[in-house]
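In the two complexes below, subunit A is the common chain; its partner is subunit B in one and subunit C in the other.
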Partner chain A sequence: MKKILQLTLGIITSVGGFLEIGSVTTSVQAGAQFGYKLLWPIFFGTICLIFLIEMSGRLAAVSRHTIVDAMRERFGFPFFFVVLVGIAIVAFMVLVAELGGIGFALQILTGIGFPWWALPVSFIVWLLMWKGSFSLIENGASLLGLITISFVVAAIKLHPDWSGVASGLLPTMPQSDKARYGFLTVSILGATISPYLMYFYSSGAIEEKWDRSYIVMNRIIAGFGMFFGGFLAMAVLIAAALVFQPKGIQVDTFPQAALVMVTALPKWGFYLFALSMLFACFGAALEFSLAIAYFFAQGFGWNWSEDLEPSKDSRFAFVYTVIILLAAIPLMLGVDPVKVTMISMALTSATLPLAIVPFLFLMNDPIYLGKYRNGWLSNSIVSIVIVISFVLALISIPLQLIGG
Partner chain B sequence: MDLVRDVLDKKLIDREDCQMGRVSGLLMHVGENSQPRITHVLIGGDTLWMRVHPAFARLSSKLRRAWGPKRNEAVKIPWSRVVTVGKDVKLDVEAKETGALDWEIWVARNIIERIPGGGSEEEE
Partner chain C sequence: MAAKLLAVVLLVSALACKPPSASEQMDSIISWIGTAGMVGEAWLRHTTPDKYTAHTLELAHNSLIDINSGLFKSLPAGIDSAALDSALTRSSAHIGLMQTLVEQKASPDFRTMLDSLYSDEKVVKQFADSVEAKDK
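Take a look at the complex of A and B:
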């Protein structure tokens, strides 16, 4: 039973990948402009992420080491330092965007501008990390995140053309706006195949004291969790395609995205959208704050655990305290979280090879994994992700400039 | 044993199974008429940053003089205290007594314990 309950680790991880402000914004923009044509990057990203997350959990369960531990040990401090700088900058930008997403949701609900929410929201996120345990964060965020199922209800109520949806799962090239199409494809993949999710999940497996008996359960958790997130992200895109595309509306601001739910569910849609974004961004903010602190602590060999009193892992607690405080500053100054999230997604794509290439080596290391090393299928998937990650790294920034 | 692959950057665990940092460097004695031998395991300090770039080592040294527990040298653990080398390096020492946790304790006492709910580093 205890193992089944750990499905929540899969759900909270997937919320950070599929339902945070960046994913929802890109899904809505993609659906509004290209209909179902951009369902395939979400579908493809989900398949890749299921494999990557399963491997992250397997590494932790078998070796009792996280990806960051193993990366520092196998590739040395200079390489780790380069990855640390890249990942910390981009993850920090994503954290700013998520805190801004919570602020936006509260702005929709109360009419008070998001900069005013920056400090209280950051304080609540910090307080939960300061006083809460890993299970509280994991279970609380996952349960609250279930409200995002309302996106599926909205998509079904709008009566999509299911054959069109099915054909959207295969890549096609549009007649016009190719740069924009390319930019949105990169953004969706950047928001989905995100290395922080792997770091968070493997750390979560250590927090939950997984061992080899979790190998099968890990597959179920990774598969169910990522499928859950991918399915919801597709529902957002489908609903946006049905609401915006026929009217030729281009979505430029986050509050516009609320129309997706309001059209489908006129009575409750407004509140469901605001609450969905509030809880999803809240879960993602906790996940990214923890992922950054885990990265520092594991890389430098400090004590770390969300279950310890802050003074027992003081450097870990210090890192998340400082980054949450720093993340509130740009929001108080009125920096648009949607712009931050669009840039951070392109940068995530640009830094992806730094995370994925060492991961392939680690997943084939007999010292860490013994007989649980990757087979041909997992290696093929990681190799495909590596090829894609290099292509994304090369084109993400030019596409951001042309199509963003 | 391949020292770079098997020892450098590995997690250090004390006799109470407490994590005490990572191996940032190794000290080697090279005698005229004897084989070179490892004498100490180094934790933290300039050695770590020197591996990235000497400028980082200078910066880390300056910052340490201005702030923190005022330890000038890296923590040195005699190689004779190494018990096993596997996925982690197990040592026959007590982490707190070696100075490896000086920063952890300094941050706890000077910052974290001053925030309500931070607890106390000394409490078991």
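Take a look at the complex of A and C:
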């Protein structure tokens, strides 16, 4: 009974925690400009993510190691340090974007500019990190994030052409704006195949003391949770395609994106969008702050657990305190979170090889996984992700310059 | 190898520095006029707050002024720039007035202004089609 409850909660939190500023911004922009044509990177990225998340949980449940622990142990500190620098810089940018997303949501609700929200919001995020437990952060924020299901309601109420939606699941090349199309493809993949989610998930499995008896549950949570999460991102794109594209509206700013549900849900659409962004970005800001702190603490071999008193893992608490404070600074200076989001999503794609290549080695290492090592299907999927991640790493920066 | 890499970097930089074409700028103009129309309709239905509506209209107004200032340098030959300028000036003026009317909560006048904006939008769209055809 306890496991069924955990399973249900796991799936619900995966769904509620899936959307964040990166997935919403890229999906809205893609739908507004290219209609259903960019559904395929969300679909493809979600399939890859399901496999990567399942592997992250399996590694933790079998070896009792997080990905970062195992990476440092298997490849040594110098290699880990290179990964740390790459991942930490981009994760920091994403944290700035998530805090900015909360600020933007509060701005459209109250009329007070987002720079004014940077400090109070950062303080609340920090306070929850300081006082809260892992389950509060994971479950509380994600349950509130279930409001993002309103995007699905909006998309269905707009009566999409389902055959067009289905054809959007297959890659096609547009006649014009190819650089922009490529940039958005890279950004969507960066927003979907997020390595931080893998780090967070494997750390969460250790926090919740998973063992081998959780392997089946892990598979179901990863499969259903991520699938329905990807479905939410597709709903955002479909709604944007139906609302903005016919009017020729290219969504460059957050206030424009806020209109995505207004047509389908005239009475509540605006407020549902604002609250969806508020809770989704809030949950993501907590998860990113934790993921960065986990990364440092596990990499340097410090004490770490969100369930410990800060005095017992002071260096872990110090990292998230400093990171959250630093992330507030660009926002107070008025840096546009939407621009930071688009840059950080493309850079996430660029840093994917750093995260995925060592992961493939770990998932085939009998010392860590014994008989639970990857099979041919999982290895094929990770290999495909690696090939794509190298291509993305090469093209993301030029596309950023031309198409972003 | 180094030379090839340098050539790629230079090419990318050149493309990145390229200013947006007239057709792309016209798309942005249509996008902002469309945004103003959409947020205006939502406000008339009392489904968006005043401050958000006024802020979005201000954003649209300022963006239109910004784009207009650079558009005429890149317009292809054969486009009646005086007529286009007049349509764009009218559009941005209407959006500016809509912002003021939101602050005054003057819904009937706002409706009239919004209808005028739709007329401007039709004219601007015709110009955008001509610019796109000439750009190709």
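Here is the rule we go by: the second predicted complex is superposed on the first by the 387 of 404 C-alpha atoms of A that agree within 3 Å, B and C clash if a C-alpha of one lies under 4 Å from a C-alpha of the other, contacts with A are read in each partner's own complex, and residues count from 1 in each chain.
Note that in this section a residue touches a chain if its C-beta (ideal position, glycine included) is under 8 Å from a C-beta of that chain, and two chains touch if they have at least 3 such contacts.
None of the values given here were measured: they were computed from a predicted structure.
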{"item": "Partner chain(s) touched by A:269 [first = subunit B, second = subunit C, both, neither]", "value": "second"}
{"item": "Partner chain in contact with A:110 - subunit B first, subunit C second, else both or neither", "value": "second"}
{"item": "Contacts of A:311 with subunit B and subunit C, given as first, second, both or neither", "value": "first"}
{"item": "Subunit B versus subunit C as contact partner of A:131, first or second or both or neither", "value": "first"}
{"item": "First (subunit B), second (subunit C), both or neither touched by A:367", "value": "first"}
{"item": "Touched partner set for A:76, first subunit B, second subunit C, both or neither", "value": "first"}
{"item": "Partner chain in contact with A:37 - subunit B first, subunit C second, else both or neither", "value": "neither"}
{"item": "Touching partner for A:63 - first (subunit B), second (subunit C), both, neither", "value": "first"}
{"item": "Sites on subunit B touched by subunit A in the complex", "value": "4, 8-12, 18-22, 24, 48, 51-52, 87, 103-105, 107-108, 111-113, 115, 117-121, 123"}
{"item": "In the complex with subunit C, residue positions of subunit A that touch it", "value": "108-111, 179, 244, 247-250, 252-253, 255-256, 258-259, 262, 266-270, 398, 401-402"}
{"item": "Complex interface listing, subunit A residues touching subunit B", "value": "63-65, 69, 72-73, 76-78, 80-81, 130-131, 300-303, 309-315, 317-318, 321, 367-368"}
{"item": "Touching residues (chain side subunit C, partner subunit A) in the complex", "value": "8, 12-13, 15-16, 27-28, 30-31, 34-35, 37-39, 42, 45, 47-52, 55-56, 59, 125"}
